[in-house]
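Letters A, B, C, D and E mark the chains as written, and numbering starts fresh at 1 in each.
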Amino acid sequence: MRNPFVMECGNYKTKYNHDMALFTIPRVKMRMILLIALFALVPLFTSNYVVGLATLCLIASIGAIGLNILTGFTGQISIGVGAFLGVGGYTSAILTTSLGLSFWLAVPAAGLVTAFVGGIFGIPSLRLKGLYLAIATLAAQVIILFVISRWDGLTGGTSGMVLQRPSIGGYTLMSASSYYYLCLVILLFTTIFSLNLFRTRTGRAFMAVRDQDVAAQIMGINLFNYKVIAFAISSFFVGIAGALMGHYTMIVSPELYSIDVSIQYLAMILVGGLGSILGAILGAFFITLMPVGLSYFTEVLSVFLPNAGHQLAAIQEIAFGAVIILFLIFEPGGLAHIWSNIRNYFKLWPFTY
Amino acid sequence: MLRVHNLETVYSKIIVSLKGVSLEVPEGKIVALMGSNGAGKSTTLKSISGLLKGEGGQIVNGSISFNNESLNGLTPDQVVSKGIFQCIEGRRVFKHLTVEENLLAGAYTRKDRNQLKPDLERVYHYFPKLKALKGRAAGFLSGGEQQMLAIGRGIMAKPKVLLLDEPSLGIAPLLVKEIFHNIKEINKEEGTSILVVEQNANVALSIADYGYIMENGRIVLQGKVAQLLDNDEVKDLYLGGGSNGRNNYRNTKTYRQKKRPV
Amino acid sequence: MPALEVENVSLQFGGVKALVDVTYHIEKGEIFSLIGPNGAGKTSMLNCISGLYSPSQGSIKFMGKDIINMKPHKRTNLGISRAFQNIALFSQMSVLDNLKLGRHTKMKSGLLSGGFYWGAAQKEEVAHRKAVEEVIDFLELKDIRHTPVGRLPYGLQKRVEVGRALALQPELILLDEPMAGMNSSEKQDMARFILDMNALQDMTVVLIEHDMGVVMDLSDHIAVLDFGKLIGFGTPEEIKENEAVISAYLGEEEDEEVS
Amino acid sequence: GGEEGASSTQDAEGEADVAEAGDTVKIGALYDITGGTGDVGSPYADGEEAYVEWLNENGGIDGVTVELIGEDYAYDISEGQRIYQTLRDRHEVAAVLGWGTADTEALRQQVANDQLPYFSAAYSENLKDMDESPYNFLTAATYSDQGRAVVQWIKENHEGDGDPTLALLYNDTAFGRSPVEDIKEYAAEHGVEVVDEQVIDVAATEAQSQMLNMQSKDPDYAIIQQTWGATSTILREAQTLGIDTQFIGLNWATGEGVIDIAGDAAEGMIGVVTHAFPYEDLEGLGEIEEYLETQGKTLEDIDQKFVQGWVTASIMAEGIRNAPDLTGDGIKEGIEQISDLDLNGLAAPVSFSADDHAGTKDIRLAQVKDGQFEIIEDYFSHEDYE
Amino acid sequence: MTFFMQMLVSGIVVGSIYALVALGFVLIYKASDALNLANGEFVLIGAYVCLTLITIFQIPFLLALAITLAVNAVIGLGVEKTVLRPLQNAPVISVIMATIGLASLLGGIVHLIWGHQTRTYPQIFPATPIRAGDLVITPVYLWSFVIVMTLLLLFTLFFKYSKMGLAMRAVADDQMAAQSMGISVKKVFAVTWAIASIVAAVGGVLLGNINGVNATMAIIGLTVLPVVILGGLDSIPGAIVGGFTIGIFQSMAGGYLDPMVGGGLKEVVPFILVVFILMLRPHGLFGKGGIERV
């Protein structure tokens, strides 16, 4: 086998569909397969702790891809992700716990219901732009959560609902690694779907709406339809993420879906890279793992400042803010851009410059 | 005198745009800078006015000086306060400000604030259309009206050197004449030196004292206006006429892109 | 049959009359120019045709069909495309994607088929890529097909705009100052493109341009607007002689020398 | 992978070693220090940590050292989830000291699965449910029981004719709404009429419309289920509007902080006291004072919430002392053996059993007089009247 | 009727605090097209600084207030220089995200310095409510009403007639073009952030006098978002009218609707109202729309 980590420099494509393939070079394809295999092996050589964190990252990645479709690719800033995660979580909870539907049907249904709700809240996007729309999504968040916490009969009100882990033929996916695999597969699907989406007609139309909506209209793009579709498809993935999270923590309650969650997701796609699928995934990992990293860091610090335990919490907060700011200042392209720089560097290596 | 010496610039740290440009704008003169799309004309102006940085570009070599004072590394506002004002490409009027507020913004650095009123009148005199529109948000103006406004801001600034980037862009022929006529007036009346980037070589050369032609980030030709007007290549590529008069647009058979002097 | 019939169109913004009772017809397959002083209402006229503005009165028919109440994207479906005066490209996307967007209405694939990239969607992408490559060839954009358009110089961006409008293979193409900011030789190239598309694809062209050389050389008919009113209509020869047009727009001498 | 199991860690079969001197048992903790409830959360966290430090310094639990691993989750539930995973998988703790209602309820299925006994400062009646939360323990009277006791007290002490009338003031969270239905039901059964309910946000800086609404119903009493900030807002608005309703705060609405913020508007307010004030004359405060001295501090430096944290940790320690082994299950068993644990006056004695995880129903009542809560009713529960 | 009047008055006075905080948002938006989501933290810092000066350093209130405004201005300047200036050419969403980061960072610092306990101001404004017939108003609220009206007047004049005001609007419109006019974007940003922080500090001091100071006070930053949007992001009068409108609606909803739905509408009503208004006026009551010409 040729070394898959060596990059190609010149390669010529003779057919359009080669030029248009997802992974243009066989080695890249190889590398992707290796990467996936690596992820698949994680539970085999790490602890439950790592697998548990990785699961959170995978779920966040699905949601972040969803948000990036709307905000990064279609240019509609949304501060309402939190509530849409909630809609997904609650739908699945209601379907499985109250109606006894199987997890395997409930999760896609959660995606669809969230897509529907997202689509409805996307309707104002026809008239609203930029920050006005952003605040309208914030309004969506507040209103949805209000409804959830008041619709006692359906949602159990403020005390929430309990859910179960899924099972296949009597075997419950209770262990850390089984749920991890489930999330991995769904993330894989999400990734491939969105990569495809943005190299075909609908995805291009989304980006056109983002870059220049007047011109997009003249290209024959029905702004209203596409914006609503963007809200819907984005919410679909967010809803799936919400449902997966619900079954993972085995509970849904209104307080789980605060505006902090929305902000975290925004941070993910910004730190990862707006308008990049890879970026959404990298950002989700980064933002999910950052507090973990920081707490290791503070543990080290506490050796020197033994009595400062409580201060360290504040330091974490400061660090979180600082990291976001530093990213924006020094790497506005996000992690995805760093990644592509590294890749470019190796592509030409050792002939850089 | 404004002097650019051996200027080299890059965008995004890698895209080389100017490859050693030198030019001079003597005091009180009008200098025309011409060249095809992407030649680096705007980049040259932006380097002088300090706006290059905001576009992700930087000067990697060469010097810019005004009356023997170096302008390298100055911020745009410092350059303006030295008396060099650029009317940037693409109009860039302040869309939400009214026409009159746009003009006042042009006079931002001026100290003689009591002179603003008469100068406003002067702009309205040059461009009567603007007077009628003075209370309107500039974003609603037509393309040409915006262009007048952009030049009007330059007049309001009362600079020592005025850098104009394609002032005739999108302007109706009659008005082009008028604008260039006005530019000449300003030059004569106020003694303002002018560096004008222009695609419409005919008009540009009609008022200029000296001309430069740029291609691919380099000055490929320069000279007194009379010399340039005499040059066959210039006639053919920039003045729209071969040695035997004007080309008919209907008759060009081949694409001419590749025929530029490089 | 005329390709476009504009009847008694008027348009107002608050107190501003951008168009006043304008009527003219454009024949199928001709090159038609709209000229007039700045702010005369030329761009507004195109906006009425492409549906971005809705006239306060009048009707606009395309191929005999009344389109006045149609949404802009619907008009594109009928085969009207447009290049803008102020560049309105999708700046973060490559030239290729911009051109593909030009073909949006010609393509079918939707959310699901696109996302799964199933047979039909895949075939479609490839087929349309071919069509787009033809435009790329035609406008000589080969070297930059993968470059994000935001990074291109002004003139090339203008050309990509025209290309995007062209990619639709429209019946009617509206070009708003496609040659602004070009020097003489570049204008000649653009003139060639326009003539070629008109001749090879039998496209009706509506052109707004301030360079009288270009307008007079290329146009079959010319309409002249001033303060929103149609002050002249006819062949280039007729327009050149039209007193009203001369005093409002052309000026006395033909050449552009300034004294 | 993971860490080497100290003797405290569970092993796969559920068989565990018996505790020996020299062992360490790891206890996890979720604090709110910087979050929305940080004002009460941080002294509570201090109290828990202080107790553990004091315990270890005095020989631990029969020689077993307790390692308390606490993190601030800032009242952010998804952060709480992540910290819980860290405590469980990385630190492999044997029990957890938690904090808020929403997060405690959010984790209850997981702790059941992971078999980790869980104490928290949330006294929600939901957690009594042994089917849904078999590993949760309540170390003080539930909010509902607090409310029931208050209803009984009202019933007993109401002067005036007719049935006493009552309003409920709470916020729109799992915590705020937790006792509402139970109190209404209990009041209805016992001849106290609930005439009004008002929702007041935790972070509210004004509550005029709510207080005006309440005023129009003119209740004799109003039960407040809030934290200090909103409680103060309520008291101040009432003072401004000249409302003469007797306010009675449940345990989180009660404490020194209310007086600090509300000033003389707090005068006369009655509060449910689950844990002792440091200025009381109680035997149990001796140990705390002893500990504080080693830190160069006095009882003046702490507040009631510190005591609450201290007591909670001490109950956990008692459970560990009783535990047959140091696994989560072992400790659960140990806690379930606690019977009438005397907390030296710091709180009502607690008892647990395998089918009842509610440690007590007893509360005291105190009233603000001259800027200080003074006990007006010693430990009692609603059952005492029945 | 008294009930109604009292609700109305209550809405107006609460609305004046909203308006004050909303002003901070509008100022920043006018100069940089971005939302400053750290505005709440500026309010918080102002409240703490003044409190510390009064209680720990025993400085009389008015002097302490003056120092607080200065301190906040300096913080605003510092933040502008270190965080916002490098982001001068970044897209709006990045700037917004940066202010979110800033919020977290400043919040952490506040925790480090002042801890988590609620602290209270000594009595500065008279505690006895003013009574007019059956109506009652607390003096602090009355003051905030007076202050907000004064600021409205000042800022309107400033933006309309001063050179700096014009420069700010120009910068918000097109930074590059503004630079080419010789306007120093740096200076404009610096001045804007300084003024916005000062306004926030005033809000903080007033709020602190109402209910003590605690880290959760920063939430006011989020609470007033509907206010800003309702009035229109770029409109000073909009912020004021938005503040009063939301205040009154909240109060009325609290008074008349809450009893019907079981309470809790106060927090939701502003958002519902905002959605309705936006559907009718996509740029709020007084906001200017984007101008798009092709």
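We take it that contacts are C-beta pairs under 8 Å (C-beta built on N, C-alpha and C of every residue); 3 or more make two chains touch, one makes a residue touch a chain.
Heads up on the chains, UniProt names are A, E = Branched-chain amino acid ABC transporter permease; B, C = ABC transporter ATP-binding protein.
Every value quoted in this text rests on a predicted model; they were computed, and no experiment measured them.
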item: Touching both chain D and chain E (chains); value: A
item: Chain D and chain A - chains in contact with each; value: E
item: Of B-E and A-C, whichever chain pair has more C-beta contact pairs; value: A-C
item: Most distant chain from chain B by Cα centroid; value: D
item: Averaged-CA centre spacing for the pair chain C and chain A, given as whole angstrom; value: 41
item: Length of the line joining the C-alpha centres of chain C and chain D, rounded to whole Å; value: 73
item: Whole-Å gap between the CA centroids of chain B and chain C; value: 28
item: CA centroid of chain A to CA centroid of chain E, Å; value: 32
item: For chain C, residues that touch 2 or more chains besides their own; value: 43, 52, 84-86, 88
item: Numbers and ranges of chain D residues touching at least 2 other chains; value: 33-34, 42, 172
item: Per-residue multi-chain contacts in chain E, two or more chains; value: 107-108, 111, 262, 264, 267, 292-294
item: In the complex, chain A residues that touch chain D; value: 45-50, 52-53, 56, 149, 157-160, 162, 174, 176, 249-251, 253-256, 258, 260-261, 264, 288, 291-292, 295, 309-310, 312-314, 316-317
item: Of chain D, residues touching chain E in the complex; value: 33-34, 36, 38-39, 41-42, 172, 197-199, 201-206, 208-210, 212-213, 216, 228-229, 232-233, 236, 240-242, 257, 260-261, 263
item: Residues of chain A touching chain E in the complex; value: 71, 77, 124, 127-132, 135-136, 138-139, 142-143, 146, 149-150, 214-215, 259, 263, 266-267, 270, 274, 311, 313-325, 328-329, 332
item: Residue ranges of chain D in contact with chain A within the complex; value: 1-2, 31, 33-34, 42, 45-46, 49, 70-72, 74, 76-79, 81-82, 85-86, 88-90, 102, 105-110, 113, 124, 126, 132, 172-174, 176-178
item: Complex contacts: residues of chain E adjacent to chain B; value: 88-89, 163, 166-167, 169-170, 172-187, 234, 288, 291-293
